[in-house]
Amino acid sequence: MAQVKLVNYDEAPAEVRAVFDDIMKTRNTDYINNIWRALAVHPPLLKRFWSQMKEVMVKPSRLDPLTKELIYLAVSVNNNCEYCITSHTFAARRHGLDDAMLAEFNEIVALANAGNRLTMGLQVEPDERFKPKHADTAWSVGKKPAVARKKPKQSR
Amino acid sequence: MAQVKLVNYDEAPAEVRAVFDDIMKTRNTDYINNIWRALAVHPPLLKRFWSQMKEVMVKPSRLDPLTKELIYLAVSVNNNCEYCITSHTFAARRHGLDDAMLAEFNEIVALANAGNRLTMGLQVEPDERFKPKHADTAWSVGKKPAVARKKPKQSR
Amino acid sequence: MAQVKLVNYDEAPAEVRAVFDDIMKTRNTDYINNIWRALAVHPPLLKRFWSQMKEVMVKPSRLDPLTKELIYLAVSVNNNCEYCITSHTFAARRHGLDDAMLAEFNEIVALANAGNRLTMGLQVEPDERFKPKHADTAWSVGKKPAVARKKPKQSR
Amino acid sequence: MAQVKLVNYDEAPAEVRAVFDDIMKTRNTDYINNIWRALAVHPPLLKRFWSQMKEVMVKPSRLDPLTKELIYLAVSVNNNCEYCITSHTFAARRHGLDDAMLAEFNEIVALANAGNRLTMGLQVEPDERFKPKHADTAWSVGKKPAVARKKPKQSR
Amino acid sequence: MAQVKLVNYDEAPAEVRAVFDDIMKTRNTDYINNIWRALAVHPPLLKRFWSQMKEVMVKPSRLDPLTKELIYLAVSVNNNCEYCITSHTFAARRHGLDDAMLAEFNEIVALANAGNRLTMGLQVEPDERFKPKHADTAWSVGKKPAVARKKPKQSR
Amino acid sequence: MAQVKLVNYDEAPAEVRAVFDDIMKTRNTDYINNIWRALAVHPPLLKRFWSQMKEVMVKPSRLDPLTKELIYLAVSVNNNCEYCITSHTFAARRHGLDDAMLAEFNEIVALANAGNRLTMGLQVEPDERFKPKHADTAWSVGKKPAVARKKPKQSR
């Protein structure tokens, strides 16, 4: 049971219905997944996360759709997010993933986890030749006059 | 050494300068952190991540600034992100965190990790009385007529 | 089903009853959560973990109760501990957390995870100005005479 | 550089010196590791964590010292805690771990991570026959009269 | 429900039956766990993972069987892999683990997670004296003549 | 500094040289990465891990080389394995990854982590329609006569 009541279309405010409509139109479906209905309890969050998902996963880019789903799925498997593994394996199958490819995908995820731990456990340091070689310059605002300030509020 | 060359103001395209200017104005500083200079190699990413950070961490909300920084820091410690721990501990100190509070904060993070593992290792199931009680309704687009479709492209 | 049989009051030895009594008295309840009943199979563990929980989470300190619960919850979400997310979301709601705040809290946890991965994936190094500035001194036992020894048993 | 200044013996308050003395006596050394000097900025935390470490890792128990160090090390490798991997590999070597055993240990950690991800990625469910079989009873305070209460402060 | 249909003996191809037969013979059982039946959808993966499991966990080595199971279990608890915790706790009990030892084991896992986070959160650096002291030599193929090459395909 | 002394070609035993030779031949290089030189302290481990890496990452399969590297890299970023991120980003660049694609890749990894945490934190349950639909049959050894046994040694 989700921690919040899943919002349904009829009871949703206009700003939520607008997002639901865009999700259904974008995905050519009349169904809204549980995650979107849960995020709808806080409309600004629903709008932000859907807009990111649409920008990053739906809009055509340098990486093909299946590769993008597999990258998303690799993270979901590593975090053991049952909901995410279920929904993104479903999505990857829509993009052509079959059982043999799914098994191959998971073996790569497993091998990477094994390799990561062998490297971390033995504290092996990166080979110099694999490190980036570019030269960074110190930050400079150039011509822009520095802003006078009392107490900077530096954060990440 | 970052995997990409840190972008500097003078060499940055207009769309990147616009974000850098907003970061400096918002934070009342003339310095741009390494993370933003790295994200600048892909302007759309820089714009999206800064807009999220500004919306979620900078804009006033129900949670106070220090609490928000501590939630962000708790995740960063759990993921052992050195950059993030360094920059967000710095930010939290700007909001009043002192050594004793930092130690107390880390003891809670440590205790939570201990409690999580004891629960997971012994596979203890949630008490019924702590589970949410609301009743969910199945998804329904209500009056909206269902969209006819061949192959839905359902994704997360 | 937990890996161990949950201990009940009637069958519990005196040292376990003493802890159960203290938990019920401290929390003003006559109910003991599953986790404590599970830890009771090994009384020394039950006593240690309850004493830590009481010291760190119950005793008044520099951080307010809700902030402490949110830090604990942030870790639990990151570790995907279902039991812990369920019980501590319940606890946070007792301290005033509502749906909108819970959504805001989770968006910060999500954003921190996103920021952490962007930083880790691009291997961005911490800005010098955010690093601590204090000067450490080498360990010295001062006046205390060094202990003569054959084979030290150094551990963490 | 640690986020807090490492405390030294001469400048430490009596309650911290008492813990430092106990650590040196227990480990038969005149050296205090950085972690203890860092925790010393918040004496209650130093006392609590040392008392747990002494109770769990130092006091003789059902599990032998090397096995305990390897369990601690397995977690440290999984969390990629450089400090912890360094100090506990050192400690494990003191208990007889050699290079071949360290390699074997890390291969088990790697294999477990691989197996975990294969299972999580394919969402394989536990076999009924491996689940615990005991029957749990609902919580009951037995003879103890239930405490009347207004608003219980249930927490984990 | 697993993402792939669990393969049964009768419907399995010869190469899969050969692995199933070896698993049953090696473990003196006529039952095959769900994980093996799932991996069987991709025979090469089934063969590889079983051969690793047999080599690392079954074949006698420097570490005793129970210690190996506890190392595997520590990782499984840390990754919160329900299937793995269930099956390997079962396996550890076969090797003599009882409730008190299981509780002790989990307290070490919990303590290690706590210690790891305290160290990571406070960014404590490893003590020089605990770091390895050996001197590494740069890679050299020695007498072997260097291979002439156009574009090396260096990978991990 | 790695926990074990990196093995060099001249001092390596024949079985290690054989693996080093195969790595150099397979990758058309005369350089051996630190990880392989570290694993060489335990020849059986070196042989097993290289054979897995060669089978899974080098041998042509259903997934293209760059996609395989990105899946491996996604896991490495999630585990924050510096060595692995460095070497596999290098490998991915050899397969055509440029700065913009690397940024896009990391944004997907970041988004997946955000989505995973939102789903886990709000405890959203998988939609029925995304779950696998196949019907599993109970394990049966079919014609094969069940092995008579006293105490099965079931393990994962």
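First chain written, first letter: the chains are A, B, C, D, E and F, and each begins at residue 1.
Everything below uses one rule, namely that a contact is a pair of C-beta atoms (placed from the backbone, for glycine too) under 8 Å apart; a residue touches a chain by one contact, two chains touch by 3 or more.
As the structure is a computational prediction, the values presented were derived from the model and not from experiment.
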{"item": "Partner chains that subunit D and subunit E have in common", "value": "A, B, C, F"}
{"item": "Shared chain contacts [subunit C and subunit E, defined touch]", "value": "A, B, D, F"}
{"item": "From subunit C, the most remote chain by mean C-alpha position", "value": "F"}
{"item": "Residue-number overlap at the subunit B/subunit F interface, same or different (half cut)", "value": "different"}
{"item": "Between the pairs A-D and A-C, the one where more C-beta pairs touch", "value": "A-D"}
{"item": "Inter-copy rotation, subunit A to subunit E, in degrees (Cα atoms; steps of 5)", "value": "120"}
{"item": "Gap in Å, rounded to a whole number, between the CA centres of subunit C and subunit B", "value": "21"}
{"item": "Subunit D and subunit F, separation of their C-alpha mean positions in angstrom", "value": "28"}
{"item": "Between subunit B and subunit A, distance of the C-alpha-averaged centres to the nearest whole Å", "value": "12"}
{"item": "Inter-chain centre distance, subunit C versus subunit F - centres from mean C-alpha coordinates, in Å", "value": "32"}
{"item": "Overlap residues in subunit A, where contacts from two or more other chains coincide", "value": "1-4, 31, 33, 35, 39, 45, 48-49, 52-53, 56-57, 72-73, 78-82, 84-87, 89-90, 100, 102-107, 109-111, 113-118, 120-123, 129-132, 154, 156"}
{"item": "Contact graph of the chains (line, ring, star, complete, other)", "value": "complete"}
{"item": "Complex interface listing, subunit C residues touching subunit B", "value": "1-4, 31, 33-35, 38-39, 45, 49, 52-53, 56-57, 61-63, 66-68, 70-76, 78-79, 81-84, 86-87, 90, 100-101, 104-105, 107-109, 111-127, 129-131"}
{"item": "Subunit A to subunit E touching residues, read off their complex", "value": "80, 85, 89, 99-100, 102-104, 106-107, 110, 115, 123, 129-130"}
{"item": "Subunit F - residues contacting subunit C, complex", "value": "73, 77-78, 80, 82, 85-86, 102-103, 105-107, 109-111, 113-118, 120-123"}
{"item": "List of subunit D residues in touch with subunit B within their complex", "value": "3-4, 39, 41-42, 45, 48-49, 79-81, 132, 154, 156"}
{"item": "Subunit F-facing residues of subunit E, complex", "value": "1-6, 8-10, 21, 24, 27-33, 35, 37, 44, 48, 52-53, 55-58, 69, 72, 84, 87-88, 90-91, 94, 131-132, 134-137, 139-144, 146-147, 149, 151-156"}
